[in-house]
Amino acid sequence: MAVNTPESGPRPITLVTGVIGADTHIVGNRILSMALEAAGYKVVALGALTPADEFIKAAIETAAAGIMVSSLYGQGELDCRGFRDLCIEGGLDDIVLYVGGNLVVGKQDWSEVEQRFLDMGFDRAFPPGTRTQEVVAMLGADFQAQLAAP
Amino acid sequence: MAVFPPPDGAAPPLSAAAIAWDDFDAMRAANLARWPTGAEVDIDDAVAFHKALPRHKQLGWVMRQADAEGRCLTQPRGGFGTLELQKELMVCLDKEGHADIVPTTTDSYTRNEQWANAAQGIEESIKAGRSMLNGYPMVNYGPKVTRQLIEAIDKPAIVLSGTAMPRLTAEIGFAAGYSGYLGSGFAYTTSYTKQTTLEDGIRNYQYLDRLAALYQEKGVELHRRQPGFLTGTNIPPSIAILTGIIDALLAAGQGVRNYGLELGQTLHLVQDAAAIRMCRVLAEDYLARQGFRDMFMPVTSLHWMGAWPQDVAQSQALVAYGGTLAAIGGAVSVTTKSTHEAFGLPTPQANAEGLRTTRMAVYLARHIRLDEMPEFKRECDIIAAEVRPVMDKILEMGDGDVALGTVRACEAGIMDIPWSPNNHVKSRVMPARDADGYLRMYDCGDMPIPADVMSFHEERLRERAAKEGVPYDHDLAVASVYEISEALDKLSPFPWAA
Amino acid sequence: MAVFPPPDGAAPPLSAAAIAWDDFDAMRAANLARWPTGAEVDIDDAVAFHKALPRHKQLGWVMRQADAEGRCLTQPRGGFGTLELQKELMVCLDKEGHADIVPTTTDSYTRNEQWANAAQGIEESIKAGRSMLNGYPMVNYGPKVTRQLIEAIDKPAIVLSGTAMPRLTAEIGFAAGYSGYLGSGFAYTTSYTKQTTLEDGIRNYQYLDRLAALYQEKGVELHRRQPGFLTGTNIPPSIAILTGIIDALLAAGQGVRNYGLELGQTLHLVQDAAAIRMCRVLAEDYLARQGFRDMFMPVTSLHWMGAWPQDVAQSQALVAYGGTLAAIGGAVSVTTKSTHEAFGLPTPQANAEGLRTTRMAVYLARHIRLDEMPEFKRECDIIAAEVRPVMDKILEMGDGDVALGTVRACEAGIMDIPWSPNNHVKSRVMPARDADGYLRMYDCGDMPIPADVMSFHEERLRERAAKEGVPYDHDLAVASVYEISEALDKLSPFPWAA
Amino acid sequence: MAVNTPESGPRPITLVTGVIGADTHIVGNRILSMALEAAGYKVVALGALTPADEFIKAAIETAAAGIMVSSLYGQGELDCRGFRDLCIEGGLDDIVLYVGGNLVVGKQDWSEVEQRFLDMGFDRAFPPGTRTQEVVAMLGADFQAQLAAP
């Protein structure tokens, strides 16, 4: 079941969502996608079990302004390596990249985990149990900032 | 998708019938050839190994014995990326956790037959000195090496491998000496895959079940088990039980006779007891109707499978209550979680603690039964009233063949799974918690649930919406996904503060 | 013994009648003169302070409100030897523990009116930098200083002080702004003292109850509470309820109208629910018969009061189950313990964890009631059948006066307490756990329990002895003292290991 | 209820038991007293709430060979100070002194706690949850050793 993506308002910002790698955890990603739509974004939901390259393909095709990568199953640390490079190869140099879920194996210190993913080139990483309101708020702020920037 | 290869060779049309033995030999040969360690599999050597195990290390016998003695056994989950880490884990779960059944969870690359990635994961794990995989890469290590794990413990061992592609992992696992194997074609395909067709998933597990039957033919009764927890996200008992019956019929068709049914807890004492009871009653009824009168189907109750709270203290209550619910419900075993659930794979110690807390909870509640409670009987009736029309329709759509009926029923939405990632089920059914904590159906999609039952669900859910002063809409279902994971100040604040 | 002074002045003969107000003034004057801080007590200032508290910090109102709303509030225990440590503790229990009711447990010197020793304990604690006292020395600090504790929290506060000599501590506690006070003449004298006569203990609590009534007269409804847990060691529900009725009658006689009854958990789901229900039913019945129709008597359920296991994980199950039992039993509040119970006073954090685990457990089970269960009804009937003949006999022996009747009944063994340290009760009654986990009476001493009820107990206990292959003797009672504290490998080992 | 102390065999060894200070925890002490009697000792059980000097008085009067002090409520560290000195003043220089229960306030490292009580002059200190079999065995061994010693 793919989340349908209605136009909401004049030229809405497009976002690609999906769960990366061999990860089947769709629930949070689906709820997040619903929340982003409700917030007025055009959401291209790739669903669970999505290889990294499919995110980039979809982002190019839909001229997306951001990619929301979910990883819950613990192997995100392996799956997300070089994700930013793939974007750059695809010409998406400054596309907004968020990642969230249970990003690593086991209960690890969050600040370290966050740093690992920022180093991989993600703009923001979110800890387990993050609520959608928070994500929507952050995203709004970041796009505001982008527009503001000369 | 490359990660989901079609079943080997030209296959006969899908049906619930047993795979012919000589076809099966050919299928096995092709399957074992897919990765070097496949060559290590020698079924007669494996049979000898199983027969040499003391019976208390044979899960088939242990489950029957526990059922006969009215016990509720404890079993955790657990898998790490290297043999050393995995051995340490299993010994800890056995000795420090007092686990009655010791698990080996495979990693997600292995589950998706990405063995090359798994190999890399092993190296990375060794380099990093911590597990980079979320489970044990059993195929990469192969049966010979993996036997060290069986020898390191004094309990029966079970393979946990959530996937629609179990064929090679199963060969390795049984050859290594695992006497239990969790997984089934319908449940796992609908909850762990996106594009895999039900037909492919069912065929893959028919292979696994046929393999178990082959061991049976050679005198080793293995314990097969069905993961009725599905997506773990607010699964109403009737839907879990329907998948149990479907997969049990498919397994019986291949010759399996020792088949456990798992149910994720709803966290409602009465609903869970009713679910455990009716799961067995309805499964035995439908299997008997299809001519399988000697299928042993013990029920396993699973600690809350939805989202957990971040607070360790709150999680302790879920762990303990998980034992209470399993014991009172009369489950033959309980599968445990830990206080780390919301964060990540538990450490061996945290995992062992979850086992001990659960074991104590089981001890404290072992005498309690709700059989005589009118509310219990009401819920039993509701479950039966939901299961029968759907199951009958499925069999009807398959002209008596459950494999065909299931595929067609899912296409039509007659059978549906909540929150499924799979493109071949509609996933329109929407469960939500009512004002009394019962899991009800806000929307049953196209499932033929009787109107009077659905209006009962609606009435109960409207009562909750009214109580909470929220609209009666599908946000009830979303809120129910979060509910148990909420922090206490949101879940039950001090009522009267200024 | 010097530590047990007789009541002040020439006292009128013991009776359940209210103390005359002018006698009471004299008694108060003498009492307050016993330690310097007594001079700080000004009841009208105290009344003003209580009236200025928001109602959610007044336990009398909070208990009535919780009962009306069908809530189960959480309350821990806790006391340390200095003001600073105590403040830190109470703030932690309020904020980190989400406690609905915040406690102050006094130390044992204070309980025995050894205020000089307590003073030394304070110094030693400050020197050692850790608490050398097992509670807060409230009398030494006095009401003015102690108010800082009430101001530091945003919940109602209760004094916990297990003693037969509460008179000065109560004056200080109420004056400091505590709106709840636990303790009673019969229960505490029989479980916390050795030589103190029941007459002395009853008189001391008549003073405390009269003091609460004085606040009532001045417009402040305080919450008094009875510690039916007694020696905490396998107390059968009927015995706890009997002490509750006795102490409630004594309190009502002094003018108290807001009086909670505490019951230690038996750890049997059905028995505890029956105990909670029948405690209130029987208490209201007997109070009404004695002319007290407006006595509010909410029941509080207490986490297991007997010996705890040393394993933190096992203890987590007791903590969580304690919340489950209280919620399902319909208790208005639950008093919590922690995973440190077997070792010593918990740290504030461990104590707060116990509160949160319990709160979550209460949330999960808040909807469940066993009312319609035949087994529940059977246990309710058994409890009534045990309580009524004993209570009727007690009142008869006192020619209608419960104070006299209780003293005489204990002399005669008609009323008895298990494992009591007090020389004035026979302590011949011997409880033990039966094969189904129920607390039964192996021996009821000279209590007039009907023969058919005792033969039921015997039959159930013989079944246990048979099951365990042990003789039917009073070692059953001793084994039952240890049972819950045993390690898992003894309590529920893997059944089939070689 | 005092545990009665029947003669068991020719001149049985006498032991004084009790719970020291303002401590009311009688259950374990009573069960211990029963176990010691069952093991053939003559037990003088002082019960709960027993001041230190009463232990010594009873030990002198009954020519006891040992004193078994229980302390559960946490204040034993204060109550047991100088217990050995009191014995010596009373002429019980080498009477066997055991102490057990929950000896200190809170969950503290046992080896440290044990040392504190050995320093106070107790021959042995026992941790929370000690079972009676263990105590009876130890006691037997210690008296054997005493007899063996010249």
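A, B, C and D are the chain letters, set down in written order, and residue numbers restart from 1 in every chain.
Convention: a contact is a pair of C-beta atoms (placed from the backbone, for glycine too) under 8 Å apart; a residue touches a chain by one contact, two chains touch by 3 or more.
Source: prediction; values computed, not measured.
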Contact clusters after notional removal of subunit C: A, B | D
item	value
If a chain touches subunit A and subunit D alike, it appears here	none
Chain centre separation (subunit B, subunit C; CA means) in Å	45
Inter-centroid spacing, subunit C versus subunit A (mean Cα positions, whole Å)	56
Approximate Å spacing (C-alpha centroids) for the pair subunit C, subunit D	30
Sequence positions of subunit D contacting 2 or more other chains	none
All touching chain pairs, where touch follows the definition stated at the start	A-B, B-C, C-D
Residues of subunit C that touch subunit D when the two form their complex	3, 107-109, 111-112, 114, 117, 120-121, 124, 130-134, 162, 191-195, 231, 233, 307, 310, 340, 342-347, 419-421, 423, 426-428, 478, 481-482, 485
Subunit B-touching residues of subunit C, taken from the complex the two chains share	54-56, 62, 65, 69, 71, 98, 100, 154-155, 267-270, 309, 311-314, 316-321, 323-324, 328, 352-368, 370, 372-375, 436-437, 488-489, 491-498
Of all residues in subunit A, those that touch subunit B in their complex	1-2, 19, 21-24, 26-27, 30-31, 34, 47-49, 73-75, 77-78, 102, 104-108, 128-129, 131
